[in-house]
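One chain, chain A, appears in both complexes that follow, with chain B as partner in the first and chain C in the second.
The block that comes next holds the complex of A and B.
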């Protein structure tokens, strides 16, 4: 991954980086998209490669998942699909009223015939309601979704790009995509060898689990790394104390996944692009049926919007930025006792963590332990510590694992730890977040 | 929650077998009353090639009969069994005869019973449950295991299963005896109970609908059906045991995926779904053993009820108000029922409905197949 910029300790909280909002979900914006169904391979966390079918943007390589299409509420959206695969393919957009032209009629929608047909099917719809949506092949979907023909669609509310929906209660500081899938490599091998007739989807036995097309720990590598050319999207949520993080969860496989956020609950505000609201008939419904959970059922084909945070270390009983001897800093409370600059609770100012922590040499720790419990104070980790060597957490962030709580899904082809997992990191206010 | 149910209207009662709409039982204007339905449990076969199956599949199913347990004209044993309808407040008497084959060296059979999760059975003390040693009533020892949740009916015998003061909603009736075997063998069906307010799914006016369809999901593992049909089932296999002997259903691996008893196959007819642009009530029921996710292609549904409970919340003013969720698909775990209302598109046409867990093959052959139907408005 790209090392995160680390401000010297002496500068500590004196240099505050303005919290400029950035689009943290990679994707393609616009209203008109050209997709092509193609074959290619991806890399899995066990060192293997897997033959895939997927959607490619324009003339690029296919990617897993397909390009995240980002549009605005009210847009008329056009998606043109071409096909380089030896089987017919198509596109369905659940939750949208789609008109398809060209190609040949299928059971769910119009289909593009197998290559070498040069036919193009044009799918048009109006993105009338904001939210998180899914698209996938509506042709022999059981096999083609398994092979990778699926992607995410994000519709931003009109005039409110930093909200998930029209209501201000759905505002977020940062957003991340969680596109959840699973795969059975044996099926991919049969398809790669041209033995389609031997594929029996009732005998499917997935052993690989993905977020945004990657297994952990590839999920926390950077977007668009050269060694994952067909898996461009990472899933590495980072935030400052006090920020709200929107999880856009898209469950594209066929198994249920109990998705769990360590650290604190997330508030489920919507499913399938519709707010959890007792009255959806008003122009901007409110999420009055939102549910606070630490584990959310990701249901195949469905989407979930959930807000995690803000995490401020409230009521921890110790200073998240460290004690006076480790880092001199001020806490200037507002009327509620919160420092709006450093995003800490002054009631715990300079209080040490109330237990005696073992020294780094007495611990076995993973890539994400910064060496101390305090934000922005990396400890003196041994040189051979994986955290020091792999530079996952040079900024002294506090990390929480977000993952499927079906524990066998934390493996990649029987290798622990892998699969449907990632790390979410709270970093000090002075550390910029890409 | 049923706190919004209106009461005090004249009660209308109709008990309609799904497969023979002409055979009405009871009057359409009688007050809430005791309704008697006669069902027989038969072994039957799905013929070879009915949906890509090379060999016939032995099933157990309900068949609707007259009071002498003679099948009604045109009625055949089926899975799901006949769709039963009743009205809120009714008492339902299910008269059941067990006509499964008599046990022998080559025939496996079991006593049967009927339960309706969500409805209240009338049970005499000491008659239930039935233990694995055949005794009933309170548990006599720690070695006893439950065989039937209720009074059971031996092969050739009859029983009456009574459910009092029916509540509105969609319900599964199913075997309450050795359900791991009997439900997957086909002993399940739908009971829909209408509220006293006409044209609604529940007492609240927000559940009004113009027409309704029932989509009952289930599965078949043909290997288990074949072993049971051959008498090769039970905890004590002979020595040497036949290769297909099963001591339990633990290795359940369904190969056929059914909606209303049939998978999709070429030529499958759409399901009539009323007039376009109107409110369509869909009763989703899962009698299978796996979770399903019915997906409505291009439409949203208002989920108004689960397991026969109208969904409500208490608002900040303390009022109990409807709390429907709007989704394009529905999580339907095994044994669950969901009532959802779809406003059908303004133009007549077809709405595909399929399992988004993508059980879309017949016997493992290339899809399309499996759990896919088209709802057709006119």
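The block that comes next holds the complex of A and C.
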């Protein structure tokens, strides 16, 4: 059985070792994509495995969620779909005007017949509007999306790759995908045994909750880890102080999940790939109707773009960057009161934490705790403490849980903690982020 | 009526000297507060003056304050009560400092259908002598039944923009689940620019173990409706009831600002950063409701009380509640007394006033008043939609922020209902200008949760009475 413990070394290295990969969303770029619907299995956080249907890129294994397709605004996009499943499948791209050719007509779109048909359906559309989108199978969607036939589509604004939309207010330093799903293993088991006729979607009772196809703590493992071959995408947001983080949320299940970001509010700037703007008819709309919130729900099938931060630790009443004896450092404020290099808010410079913390033996430390109250001042956790055996934070990062606030969803098949959760980490400026 | 105040602490200078001489870490049960808690200067019943305990500078020496068998244990401590909640205000001799102390453990509450439910929860011990905090969390009740003293909802936290907030949490352990050695935390949900050390999420920081205290520190920068809860094993601890209201009043309060022909001095937000701002005074109100949605699954609570396996995925919440009560208990201003004769459900789900003698009465809301509704949800399973039947509503805040776009646009909106998932919160203004006097209802339109388990009807509903 797969242990449910963390792999501390791997995650520590993930924080410590610079990586040539850009701090961007993993996916496949281009304008022409070949997808194949296939069967395979995924690993769930309780140590179990689950039979899945999913989209595969080219001749690879299927993945959950499907490949994240990353295109540019204005691109003519072509997606060719083949099928190795014993049922017909298809693709729909909500928010786009799609032309489908080949295959056989289905209810929503053209479908690829069940294997061994070698038919290919070609879906073409123009990615006219930037934003975050969902794609999924338009064939018996209630079952097929549950089985894993869904993915994300990202359209980058023309000429502005570090913005979510055309307006510079939507600029970000880092972006992460939050593809939110839930699953009922009993359905997957029936399908695996070929008992499709016995599947009753009205009796669906999900017990597993996912971000990017993984349950916590798999969400914080690296992208493309070899022991999760069909779940390539992690969700481990890391950022430096002062950075804006774009959350691209996709609600791909049938339940609502109130998604809470610890540490700082996020500004919801768009829903379904459309900016929250009072005037969308101008060339580059501004998000003047954006809403700041600590918890945001995407309804099923909807996408939400939100910008978290920047987190600076400002106005805490003490210096989270360290006191003079712990970490000598300077703070030279600009007109806004912040040091432009460190993003420290200088009015609290060198102020000590105003309370005494309990002795270590009185505390149960978490494995994402940096060991001290301060950013960039790591400390070892007491050896007899649960978190010490698998300490994930060796750089003095300030960690925050980002998770579904329907708290029962912090479980994987009734094992706490798991489910729809991940940890975000603000790391010191001198620590590179992969 | 405002009680006369006296200065509680010896003085901040001597406390400062004490802290300077102390070791670098706190030990055991210890409520840290840099200023003295304000207390009433005399007992309104006996007329006796109160003095302070030199061993516990923040605690009264009144004998009743040390009689843990007394059901009014904390009333006799004479800590200054908040007139809105009747709970300790935590105000100190330093107007910019608020200190509260809570203890966590287990206990029992009365559901609105008359049944008894086992909970995990918090209880207020602000100003309690430190050597009595643990026994307060696990009291020996008058009838010697070993039941804990947890409250539901948890003690309400009220601060003001700019105030320093010292919140001490002491873990008393579970009296009825001695097999569990859970740690606990407080997560101040929505606190901006949080430090993980005070965020209460135990993986990113730590939980406090049984028999010890941790003091969280927050400098409140922004008014708004937040919430708090324990974040340890959150799926269990939150379903079990470790949930409470928390809101921050704006620094603007007390400044008269006219809005649409009337002048207000209480506001949801500091909505007037400069004179002439179009939103100046727009969040003004005459009366306030703070309502927190939650719901219990009685089978989960029963399993937890009887050492049985608990299932998260099978949670089925059948008791819809506001502020820890189902209708009609929601509209009863009294504290509710549990099977152990302990006041375990301290706050109703209506606006009330509490005088210095502890007497409670519904706050009279007159036709024409604007009512601020601070609505939050800490449901662990479902989304709930709430409507206010017959009174126009406008959502003016969300996520502890004034609904004002990045370029200044007014993004508030009128609506008849608002839907919240767990961890979501809004501020709404109910305008009774065109509302005939009478009784109106605030209730969930998830109509199957207008129930106290199998009993119809009740659940997530309360009243708002508009007087002439």
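Assume the second predicted complex is superposed on the first by the 400 of 434 C-alpha atoms of A that agree within 3 Å, B and C clash if a C-alpha of one lies under 4 Å from a C-alpha of the other, contacts with A are read in each partner's own complex, and residues count from 1 in each chain.
Operating definition for what follows: a residue touches a chain if its C-beta (ideal position, glycine included) is under 8 Å from a C-beta of that chain, and two chains touch if they have at least 3 such contacts.
Bear in mind the structure is a predicted one, so any value in this text is a computation, not a measurement.
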**OP:** Using the overlay on chain A, decide if chain B and chain C clash or can fit next to each other.
**Re:** fit
Original post:
Does chain B (first) or chain C (second) touch A:98, or do both, or does neither?
Top reply: first
Subject >> Touched partner set for A:316, first chain B, second chain C, both or neither >> reply: second
Original post:
Touching A:301 in the superposition: chain B (first), chain C (second), both, neither?
Top reply: first
Subject >> chain B versus chain C as contact partner of A:203, first or second or both or neither >> reply: first
Subject >> Touched partner set for A:274, first chain B, second chain C, both or neither >> reply: first
**OP:** Check whether A:256 is in contact with chain B, with chain C, with both or with neither, and answer first, second, both or neither.
**Re:** both
Subject >> Which of chain B and chain C A:410 touches, first, second, both or neither >> reply: second
Original post:
Given the touch rule stated above, what does A:289 touch, chain B (first), chain C (second), both, or neither?
Top reply: both
Subject >> Touching partner for A:364 - first (chain B), second (chain C), both, neither >> reply: second
Subject >> Most chain A residues touched (candidates chain B, chain C) >> reply: C
**OP:** Give me, in Å and rounded to a whole number, the least C-alpha distance separating chain B from chain C in the superposition.
**Re:** 5
**OP:** Indicate the residue numbers of chain A shared between its chain B interface and its chain C interface, in ascending order.
**Re:** 256, 278, 288-289, 297
Original post:
Taking the complex as given, what residues does chain A use to touch chain B?
Top reply: 92, 94-98, 107-109, 138, 140-143, 145, 196-197, 199-203, 254-256, 271-274, 276, 278, 280, 288-289, 297, 299-302
Subject >> chain A partner contacts - residues on chain B that touch it in the complex >> reply: 253-255, 264, 291, 293, 295, 297-298, 300, 313, 315, 321-329, 331, 345, 352, 354, 356-361, 363-364, 366-368, 370, 372
**OP:** Mind listing the chain A positions that touch chain C in their complex?
**Re:** 169, 205-207, 256-258, 260, 262-265, 267, 278, 286-295, 297, 311-318, 320, 353-359, 361-370, 372-373, 387, 398-401, 405-411, 413-414, 416-417, 423
Subject >> Complex interface listing, chain C residues touching chain A >> reply: 19, 22, 24-28, 32, 34, 164, 166, 183, 187, 189-190, 192-197, 199, 201-209, 211-217, 219, 221, 231, 233-236, 238-239, 311-313, 315, 379-383, 398-401, 403, 405-407, 409, 411, 420-425
